[in-house]
């Protein structure tokens, strides 16, 4: 069986997924939709697929699945439209910036018994998968503490910040999902600190650029997340997990694997510059995982529920900063 | 000028300082005091010094300085006694487990215009000093975030836990001091999470073995501290500082600098096993720093005030855990 | 302009090049030839190309270039056939195992004014390219010494050894080419040691499995090459270059970028297992380099002459082992 | 039993050994000898020992052992004098630059049944000892290939070069000894290349600054040694051993264990600058090893015979360069 795809949105991330679909065994790219004709034409030309409207895709018999790569404020509505149209849906995070809207959307997905996968790409990174496998293989015993370092090379433009939902919902949300994945136990409480240190413009927009979060589970396992919108040395993405028998950590990836030594010491190149290069393999694995799920070979790897809980953790972090206290996830009224 | 030392207490840490004094240029070891005759005799034999009582040392004309290496509950009283006796005082942390007692003790030190140095050995570790120098040299621009990982290889015996004042006052206190040293700005707030994950006995004693702390300064700089009483791979002591222009980190030290490669991969030896081996150079530098201060060449590197603030941060962390909220250091009523 | 390719030989390396051609911008795969129908059909199905005979390809108007991926003993004849047919030729190393036959073949190529590129894939590895760029950028000053470590994870089957021409012509030949590339000066002398240490069967076939070579240039620059047919920890491929101002080295690549720490120490996964995974990016870059040359954008990166000199160095190494002396490359009568 | 030492020569290496003797349990420093009064007085003051003439030391009843740290051309005669005087002798390498003189000297040592240890400090480096232990523990199976990289940070002054015996006898001699130690089998053949690349003055003195050597044993094990008199990034001292089951390598030691990351990449400090800092622990272990041997607890770790064979290998390397051929160690007529 081949899963026949349409991509909604031909922007940067839409192009990433188009390439992933085209190179995935068992998947084919049938159509691309984008209001910007030039963007759609570029994808159509590169991969030899049709250009169609979103509604035409919903009505297409030759499309089994869609990848939603449109602006965030359209996600929930499109998920609902395509769930109703009987298509399997892959959607970039987040489902919506409003937790209640997400709950409503998931209700529809559930009623339609639709397949929905939310794009948490990091679970599909080969190094993070190897780290997870080491944990699952019992190499470090019981997980006790997770430490996630995630720093962007630089802040996004103000226009993006404005519609991003803020750093917790836009950036930390990935780390919240990774934390849940690795802790192996639902998160019970959230506490956070947030500052503006890299760019005062971000503060004027009501957002933060530097945050630290502590998560705890019911049994006392802990996770810390450290985020910054600026790391001059590249896209910093590290995970370390301490367990009863040892620890496992995933290191960063560099532009090149060389060492220069001179009078001033030893030098290595900066890190891969951003998610497009750092997670190139992860995006391919992610689509392959979706294809396997749609083909009925596996369960959906990252569900709508995962998307909802990660958003609730972001909301809890914001509340913790506002009220300077530990927030229980149960206050957000999401089932876990 | 040679600074003539007496060591109070011939236990493990007293022996470390005896060796450091004996090998420091400009210092000589004159006397050792310990109620356990065998312990005192061993030090006396190794370094060719006298055995005297504490009171005799206080009255000795040939002693310029003492290093207090006795149990914690004697520290404050001894500091006061030797400050009054006109001796320069080096005291192992903490001054006392009770913040009010510490304030009282420091009042005496101040009235006597005595030199008091508190033993925060990490500031004297060569690698951490190199990291601090990189910051001071402007290599990473403005400091924004400090990340301190500090894990003991294994928990101390229950007898020790009972009188330790708890993990924040016994173990994290070192990290609080390092945080202040590196942030370059006084800490304004403290929030913490604490669990018992490695040994339920620790919980029965009312203590924790696994904690994470977030500190913030007035301007929004942040520091996270992660502590565990167990790290199977050795004594884990890492610091990472993110600044506006880059980051600097200090790596762990291994038992040997070799790599074994075989069918199962690449293998390196565990870390140095504990503070006695890991900080051997730091203890020597620490005494050298004290000698330089007593000789009038430099200011006292780590003062009684530093000891008091670190203890207040520990108290604030405990309060944060108890009340599940962010605690302002100002609530503890210590001048910073 | 699109360079239209035919691949001769649908074996392991033919498949590598088919994939590279298919994914290279400016290249298209038109035809595959292989006497084994099943192998040819698999490539044809994967990439949607024709199956043709070699002679039909030589006569095809819609083929601009061929990649020769057939057994070694057919290389020279096919190069001549396609040079005469006016096709650009990419040929896997070696051109032939006999130096005189290589000279004859290159004469034909020259007379036909044909484009011939020999597949020395390592020059196209991203890490080695970054190392070369550091040298060319003057980062290490004048090159003085090159150290090449190249170890296979395990020996090839006896059937392969028999027709391989021996370790110097089969394995070291890549290192000879890398040495010439990095020394930036023609090699003047060769001395070598060779043993059978990993598998006595190899010795029975008259070959070696463990060799070390020292090369020198006229001006005294030196290069050492160390080869083994066995490295239990994976495909070991390292280069280090010492210059007047410093050194630059390229490190190995692992299966995953994680570190496991436990009681016994720190552990990392083995290296990528062999050339198919280790040099996946190099093969793609190599074909892209050939396409650029055929399109007239650049000079041919690795020429027939490069192939001939590398083979002469292999012959010189064999002679050195046989006669236990330093051999001058000039004895081999190749123009450099 | 305490081994009572006299040090002959109060220069740089004499001071290193004086400190080592003073800090070694079971050893005491009784006397120092040096024609330069100031140098002798400095050592005497630092360690509280006598100043005596060499002849007085030879006649001293309170001296059990001497450490010969005088210029090379006095070594053999002093060894003979003190062997005859019934003292245990530790002598810095080399015994003499002339192989025949060495043989003669060892004959006397043997006739007097004296203890003679030659100072090959690298065997006592903690990292190299850990590497050797891994081999002895069978971690890499049978040793097949040893790779030794040894580069000085900069060339010694011309005055030193003149009396050094040349790079093979002065610098490579250490690596020859390490090779013998690690190969676990006597060396049968030597071939070498030698150039002047870093400083033409060295060439004018008839010496080389850049050499590579290949050693083989009777059974075909191989060792390569690469030496340069210049490495801008510090004192480069690495060993790698390949065996049938894996490899083990010893890495370099840096000035500090920190990493700086910025826009241009990741940076670590240079290596420890020279043998005085790099091998500080090795020198201490070496004297401890000698003391253990003199005390009858162990065999002498590095004997006069070891010194002789290392010198013969140096002579063989010179002959190989001169005659451009592989030289058999048996040509040098040393018993192995």
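The first chain written gets the first letter, and so on, giving A, B, C and D; residue counts start at 1 in each chain.
Here, contacts are C-beta pairs under 8 Å (C-beta built on N, C-alpha and C of every residue); 3 or more make two chains touch, one makes a residue touch a chain.
In this text, all values refer to a predicted model and were calculated from it rather than measured experimentally.
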Match interface B-C to one of B-D, A-D or A-B, accepting only the pair for which over half of the contact pairs are the same residue numbers. A-D
Between chain pairs A-C and C-D, which one is joined by a greater number of C-beta pairs in contact? C-D
Taking each chain's centre as its mean C-alpha position, how far apart are subunit C and subunit D in Å? 41
Out of subunit A, which residues touch more than one other chain, so two or more? 231-233, 245-247, 261-263, 269
Please output the residues of subunit C touching subunit B within their complex, sorted ascending. 231-233, 254, 261-270
Quick check on the complex: what are the subunit D residues that touch subunit B? 126-127, 130-131, 134, 139-140, 245-253, 255-263, 269
So in the complex, the part of subunit B that touches subunit A is made up of which residues? 142, 144-145, 147, 149, 151, 189, 191-193, 195-198, 210, 212, 214, 216, 220-222, 224, 226, 228, 230-233, 242, 244-247, 324-326
